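The two complexes that follow have chain A in common; it is paired with chain B in the first and with chain C in the second.
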Partner chain A sequence: MWYYEKKLQYPVKVSSCNPRLAKYLIEQYGGADGELAAALRYLNQRYTIPDKVIGLLTDIGTEEFAHLEMIATMVYKLTKDATPEMMKEAGLAPHYANHDKALFYHNAAGVPWTATYIQAKGDPIADLYEDIAAEEKARATYQWIINLSDDPDLNDGLKYLREREVVHSQRFREAVEILKEERDKQIYF
Partner chain B sequence: MNKTMPPEFYQLLEEIQAVDFVLVELTLYLDTHPDDYEAIQQFNHYAKQSKTLKKQYEKSYGPLKQYGASYSTYPWSWDDTPWPWQV
Partner chain C sequence: MYTQTKYYYPYHSPFDPCKPIKVKSYETPPNLYMGFQPPSLPQFQPREALYHGTLWPALFSPYPGKREVVDNE
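Entry: the complex of A and B
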């Protein structure tokens, strides 16, 4: 089971109300390489992965939910004081028409989240390579959003999240090596 | 909705976030380096520090966890703001 802890993993600040940045940022909420996809991908794969890497998938999957909450906080803070006129100017009129300022799991272009964003092949190497690729794509997405953002407070949080993708990718690469070692042991003994 | 908290609240919260970050990072590291004795010593050291800080936090600002992982105040204060996105 899971316990919720009433705190963010890392402080989230934004300099000003900026619905346009929220529009870009929602990519990491409900996009293909976003935090929801990441959490669901790892926590789903762990049931059939070899025992040696179940702990890692559980822990990274859990951390992704903490990141999802940070992204939600950023989007909430960037839009909470926005007028309908500001939402419209930011290209968020279609979102506002459907959801007011509620968050929704869709990407920056408004396409709703779908399970086709994640894979579960049952082959441990295939699954872990998928996870490494997902982390690298998420890292790149954070970089593109940082490049679009002129909010130094927001960028502080985004840089933290970008670095977490690097660490996760590294840990998944180590998991691949652990599984290769295990596989080779079985051949020779 | 967004109530202002005293400066000590933010300071203590950030201290907890820093210590818990060390623990997240060490957890993932130990998942792939289970025999690193020094890292496990660090892990247990910071686990203790995290518990101490959270006890102090909960005394002033209410429970961080529920389902019994934190003790309750009277009356029940789990619903009290600020929630993390309101901080």
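Entry: the complex of A and C
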């Protein structure tokens, strides 16, 4: 189970009214390499991974939900006071037609989130390599969004989130090293 | 020398419905440990290489199949 802390992991500040940035940020909300995919991937894979790394997947999966919340807050702040006209100018008319200002799990191109974005292979090495790849792809996505954004306060939050991808990738790589270690060399059968 | 299969002993609750598989295994093939392949490694004979799928014994990963045994006590 989880306890909820009614605050964000890192403060989210948005300085300019720029709904177009929300259109790009939604990639990290409902995209293939976004925070939702990351959280669901890790929290699902953890059941069938060796005991030594279950806790890592639980902790990182949980933190991904904290990141999801930060992205949601950014998107919400960028769109909550936008008029339909402003949404149209930002390229968000298709979103507005379907969802008004509601957030939805889709990527920057409007493609809805799908479980085919994630995998649970059951092979610990294969799953951890997927997790490392996912962190690196999320880091790259943050870079490209930062490149598209000219809002320094928003970018501050995005740079924090990018750094967390770097740390998570390192931890997953360490998990692989743990699983590579020769422990009980039991000859079975 | 490393082993290509690792074993671990997952927790089994007294309330779990099925008989336990006490030992579980996963594969750690040789490419995990090699890094950049060093030059001049020993080689199979061509015929053996074709059968094995690799020219180098150091990269060969036999997979005998996973045999998990249910504990019947």
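Just so it is clear, the second predicted complex is superposed on the first by the 181 of 189 C-alpha atoms of A that agree within 3 Å, B and C clash if a C-alpha of one lies under 4 Å from a C-alpha of the other, contacts with A are read in each partner's own complex, and residues count from 1 in each chain.
Quick note on the criterion: a residue touches a chain if its C-beta (ideal position, glycine included) is under 8 Å from a C-beta of that chain, and two chains touch if they have at least 3 such contacts.
Computed from a predicted structure; not experimentally measured.
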Touching partner for A:4 - first (chain B), second (chain C), both, neither: first
First, second, both or neither for A:120, with chain B first and chain C second: neither
Touched partner set for A:103, first chain B, second chain C, both or neither: neither
Partner chain(s) touched by A:86 [first = chain B, second = chain C, both, neither]: neither
Chain B versus chain C as contact partner of A:166, first or second or both or neither: neither
Contacts of A:76 with chain B and chain C, given as first, second, both or neither: first
Contact breadth on chain A, by residue count: chain C or chain B: B
Touching partner for A:43 - first (chain B), second (chain C), both, neither: neither
Touched partner set for A:182, first chain B, second chain C, both or neither: second
Chain A residues touching chain B - in the complex, by the definition given at the top: 3-12, 53, 55-56, 59-60, 63, 69, 72-73, 76-77, 167-168, 171, 174-175, 178
Chain A residues within the chain C interface of the complex: 50-52, 123-125, 176, 179-180, 182-186, 188-189
Partner chain A, residues of chain B touching it in the complex: 13-14, 16-17, 20-21, 24-25, 27-29, 31-33, 63-67, 69, 78, 83-85, 87
Chain A-touching residues of chain C, taken from the complex the two chains share: 2-3, 5-11, 23-29, 32-33, 67
